[in-house]
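Here subunit A shows up in two complexes: once beside subunit B, once beside subunit C.
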Partner chain A sequence: MQQFLTTALNGLTQGMIFAAFALALVLIWRSTRIVNFAQAPMAMITVYVALVIIDAGYSYWLGFAAALLSGLLLGAVVERVAIRPVEDKPHINAVILTLGLFIVLHALAAVIFGSRYRSFPAPFGLSGFKVGDMNIALTGFGVFSILAVLAVMLLLVLLFRFTNVGLMMRASAFNQEVARLLGVRVTRMLTQGWALAAMVGSLSGLLIAGGNLVHPAYMDSVVVFGFVAAVLGGLDSPIGAVVGGLILGLSLSFVSGYIGSEVVALAALVILMVVLLLRPGGLFSHAPARRV
Partner chain B sequence: MRTWSRRVTVFTSVLTAGAVLAACGAGGRPDDSEGGSADVVGVTEDSIKIGAHFPLTGVAAPGYSEIPSGHKAYYEYVNANGGIHGRKIEFVVRDDAYNPTQTSQVTNELVLSDEIFAMVGGLGTPTHSAVVDFLNGEKVPDLFVSSGSLQWGDDVESKPYTFGWQPDYETEGKIVGQWVKQNMPDARVGLFLQDDDFGEDGEKGLRQYLDKQIVATERYTSGNTDVAPQIAALQAADVDVVLGFNTPSYTALTQLTAKKLNFDPKWFYSNVGSDPELVGSLLARFSEGAVKDGSSLLDGVLTTEYIPGVDTPDDPWMELWQQVWDEHGGDAKLTNYRVYGMSQAYTFVQALQAAGPNPTREGIVEAIEQAGTEFDGPALAPFRYSGDSHMGISGLRVSELKDGKADPLTPVLVTDIGDTPITEDNSGAGNDSPPEDGIPDPIS
Partner chain C sequence: MTEFAQRIWSSTLARHVLLAAAGLVAVILVLESTSAFRNGQFAVMAYMGIAAGGLTVLTGLNGQLSLGHGAFMAIGAYTTALLLSDWDSAPPLLVVLLAATLVTLVIGAGVGVAAARLHGPYIAGATLALAIAVPGIALYFQGTLGGEQGLTVAVPAVPDWFADVAYFITGNDISSSKYVAYIGWISLIVTFVLLANLSRSRVGRTWRAVRDDDVAAELAGINLGRARVLAFVVSTACAGLAGAVLALAVRLAAPSGFTLVLSLALLSAVVLGGLGSLLGALVGAALLTFLPQVVTGIGLDAGLSDLQAAELAPLVYGLTTMLVVILAPAGIVGTARIAWRKRRAHT
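Now for the complex of A and B:
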């Protein structure tokens, strides 16, 4: 019973972390229609910014805020400098470009921050709660992660569904020319989309890093699982990303605990295949009714 | 017809020019034919070129990428003191990112284009496995692999040019297994193993003594940093002691996870995973949470030692390494990984001394087989090198960590793979100190 509970709670927190990353992917997909492979190293860079600030003796929350802010900035800069020149080319060009960015940012981080493991502090306790004899394998920071991800999801749903900006962002991603004709400043929307997505990416980076070890490649496994989570949910839906993350986190935790950690990656592949066989667009996709 | 003959003219003139140049070249470098080592790849009158593959980037780079800097510092120290038999040692490091495909590629470059005399200290079990046959096929000495897998030394016939260096994981497992059996006979034992040769060889040694006491065996895949399911399973099996054959970052991860699960067994970590300096610094950070001090979190953790490390700065070997590092290492701090690199480099210099003034590839292999057991070095136990075995250091001692320092619980124990009994080492290898000048003397 204890093992079951621990494994489930661990899957829950892991799933939320995948969800956070998937949310960033969904955001950029919704606002620009490309998949950003450089999301993870961009987030990693901002986490190092936070670490530098915290190491200099400032508070955790100052580092936290600085990371989010630098994420916002980095996203905008990357869009303006690297993505803008290929924006009117086929989408695949931009996607390949983000793969290139992935490698460059990795190398850059290793040069600037070093490639050794460093520990990243957490603002809350790292011991599990105890209820009688049962140990609840949730730490203060784990609870914080779950709440943060749910809040971001809610904000994104609100943004896309109920605000003008969200509508304009979706429009410019969907069809630039028509959006432009309707008076949407498309380039500004794209920059905003990148900036926001990079900020959510930073948040996921911070949540993974908290009370854990970081090094330039620390988010690489999350790239894969976060991507699977996003595709599970349908790439288009923030709620789908969170549900996808949870499904993946829980199943992988149980697979790892009861079958063996060597089949974790395989299990992720199987889950992805089954879902895509049954619902090719992902769990929360809209039926492509009006595609001609 | 005319163009054809013109082409021939051009062709022959190029050929002639080439031949003339080649002749000039041959005449202009008389050194090559003198000195008796003209035909040995990588060796000239005043230099010897060696190389290795290390992960300088990627997931395995933290820690491991420091080993070659230790090698380099020691070779520079030797070079500054005149080299070996008048030759300066040149060490070429190539990055394989701990990816076996890249290891093959960079090893090809090292052997075929850099033309190294020998590979020294190539790191990693999966990575080095990919090139060990190539090196032996090319008859390139493959000295002192940075890995404790059995395969570097237990089959001399199929890998005559390959030598291990650190104590193999089976030997370590046996010594730890015996200690646990003697000192905690009623304990329920759980294993936490890396899912490759490292964990497998260690388990083989442990099970020789603890087969009946082991109640749970959990494996983790390197790269998957979520070990909570494994630790939860160990907790569910109600184990009293966890024996871990894992890397340092997983030591920190298991400690953090155990805190989360309020799981408090006795911990043992193999030598690879226990570096108190590194793990302590990783955990110290979490003092903002409940842990007050990183190294105190590791208090009472059991581990093993086979060379002196940075926790014993007064050891004569450590004094030498510190001096070498201060002179040639640069600004970074001396770490146990760098000490490992220097200790390995010391063994290579010893082998080079033993190979005599005109080293050949076969010669150095023979020299290690003949004199290897007499190599005095930082190792606490002697090497096992012979014509039948290329296994490295023969033993280690069990220690307990206290305030970031290792406190020996046993004398140095030695054994070998298989059912060789464990005995106390009486060679005195643990009590020697380096020669005055810090460079090994030729063995007479």
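Now for the complex of A and C:
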């Protein structure tokens, strides 16, 4: 019972983080029809920015904010410099481009920040709460992670539902041509979309890093987990991404707890294949429209 | 006489066999005139070239992207390591190479059947998951697959007949590392002749048709799924053979050798050389093999530490990959070919 509860709670925390990462992928997919495989290294770079600031003696929260801001900036720069030229080319070009960016950011982080393992602090306790004589696996930082992801989701919903900018972003994601005719500056919206997505990705990077070791490759497997979560939800639906993240987090946590942590990535692969073969459009898909 | 030469040249098979023979002569000249260290590097280039050749056929001719070729190389390498675990009971090397290719081919067929139903980013994501997942299998089955340390490979002694032939042709005695380099390059030449013939054949035309317009291809009576699976299977078989040569060259099959970085490096080799071109795959493999040394040297001179300088090579080829995709999507060989054709059209 104790182990079951521990595994479930760990899975919940992890699932929320995957959900944030998947959400970042979905934001970009909706606006530009590109899966940003460089999302994880982008987040990793911003986490290093935070680490440098914290190691210099400033508070955790200053580093936290700096990481989110640099995520915003990095996303905009990447869209402007790298993605814009291939936006109307075959999709394989964009995929290869984000993979090239993956390699570049990896190497850049190792050159600038070094490739050794460095510990990243957490602002809250890392030991579980005690209820009676039972030790609950939910940590202070875990609660913070869940709340932070929930807050970001709420903000995104508010942005897209109730603001003018959100409406314009949705319009340009829905149909670029029509949005442009209606006076929306689509290219600016795309840049904003990438910036926003990179910031959400950077949040998930910070949450994974908290209380753990950081090195240039620490987010690599998260690319896969985030992608699987996004595909579970259908790549197109933000709510799907969140649900997909939770399902994946819980399943992987049980695989890790009861079978072994080595096969977690394999389990993710199996889940991905099963979903793609049974419901290629994800769990929340509608019947596909004609594709010619 | 020239007419006879032209007739031979216009026959695809004869042309490829002639090119292969010329390639073999070049390989012998290069391997005999370089040091043992360079021989080792050429062995690396050989296995990178084989894997890149397979990948370029898949991505360039069929339009499928695989980020999991490192994982397929791992399967080939582990098969080789299991077969060559001790000196006495080891089967002949040719059998080992074929077995590694076959085992990878069978697993590749399984993945290919699933992947053929996917398209675009889905197939990229699925193969990416494969690249991350496969090293974990070696860690999980620690008993048979050696866990983190991996399996050592006992490279068989140079067979007498091979040493005799080599001595007869070159007049030099053959060392073990040179033997492995020869194995690698002979495998590469055989693979490339087969791939070149395949891409010139009906099968290759089918693959290109599927790549360019799948709806039109289907209307023309092509079975899309079969074409995609076949391309995937051929490509993974190459990766398996490359993994076998890798195991021989490195004398070790360990999870750390098959990280995501390997798969991505292969992809950038293929893109740099030019998608769909076997010559491009070879150029890309040469870049991956020899560029790191040069760039690392420059980095050390500029005052970076060893670890930092070692990361400069991926930085350079990652940046070049991005630039190639943005500025010259045809790659090095493709761009050169286009420029040559333009010049010829002018004169």
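We adopt the following convention: the second predicted complex is superposed on the first by the 274 of 292 C-alpha atoms of A that agree within 3 Å, B and C clash if a C-alpha of one lies under 4 Å from a C-alpha of the other, contacts with A are read in each partner's own complex, and residues count from 1 in each chain.
The rule we apply is simple: contacts are C-beta pairs under 8 Å (C-beta built on N, C-alpha and C of every residue); 3 or more make two chains touch, one makes a residue touch a chain.
Fair warning: this is a prediction, and the values are worked out from it, not measured in the lab.
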item	value
Superposed partners subunit B and subunit C on subunit A - clash or fit	clash
Touching partner for A:A268 - first (subunit B), second (subunit C), both, neither	second
Subunit B versus subunit C as contact partner of A:S221, first or second or both or neither	both
Touching partner for A:T139 - first (subunit B), second (subunit C), both, neither	first
Partner chain in contact with A:L97 - subunit B first, subunit C second, else both or neither	second
Touched partner set for A:A110, first subunit B, second subunit C, both or neither	both
Which superposed partner A:S204 touches (first subunit B, second subunit C, both, neither)	neither
Which superposed partner A:G260 touches (first subunit B, second subunit C, both, neither)	both
Which superposed partner A:T46 touches (first subunit B, second subunit C, both, neither)	neither
Partner chain(s) touched by A:V35 [first = subunit B, second = subunit C, both, neither]	second
Segment of subunit B that clashes with subunit C, given the candidates 23-31, 95-103 or 149-157	95-103
Shared subunit A surface residues [contacts with subunit B and with subunit C]	106-107, 110, 115-116, 217, 220-221, 260, 262, 264-265
Residues of subunit A that touch subunit B when the two form their complex	2-3, 6-7, 10, 14, 60, 106-107, 110, 115-128, 130, 135, 137, 139, 211-213, 215, 217-218, 220-221, 252-254, 256-258, 260-262, 264-265
For the subunit C and subunit A complex, residues of the former touching the latter	59, 63, 65, 67, 114, 117-118, 120-122, 124-126, 128-130, 132-134, 136-137, 139-140, 215, 259-261, 264-265, 267-268, 271, 304, 307-308, 311-315, 317-319, 321-322, 325-326, 329
Residues on subunit A engaged by subunit C in the complex (per definition of touch)	29, 34-35, 37, 82, 85-86, 89, 91-93, 95-97, 99-104, 106-108, 110-111, 114-116, 217, 220-221, 223-224, 227-228, 231, 235, 260, 262-266, 268-269, 272-273, 276-277, 280, 292
Sites on subunit B touched by subunit A in the complex	56-59, 61-63, 65, 195, 219-221, 223-230, 232-233, 235-236, 248-249, 252-253, 256, 259-263, 278, 281-286, 288-291
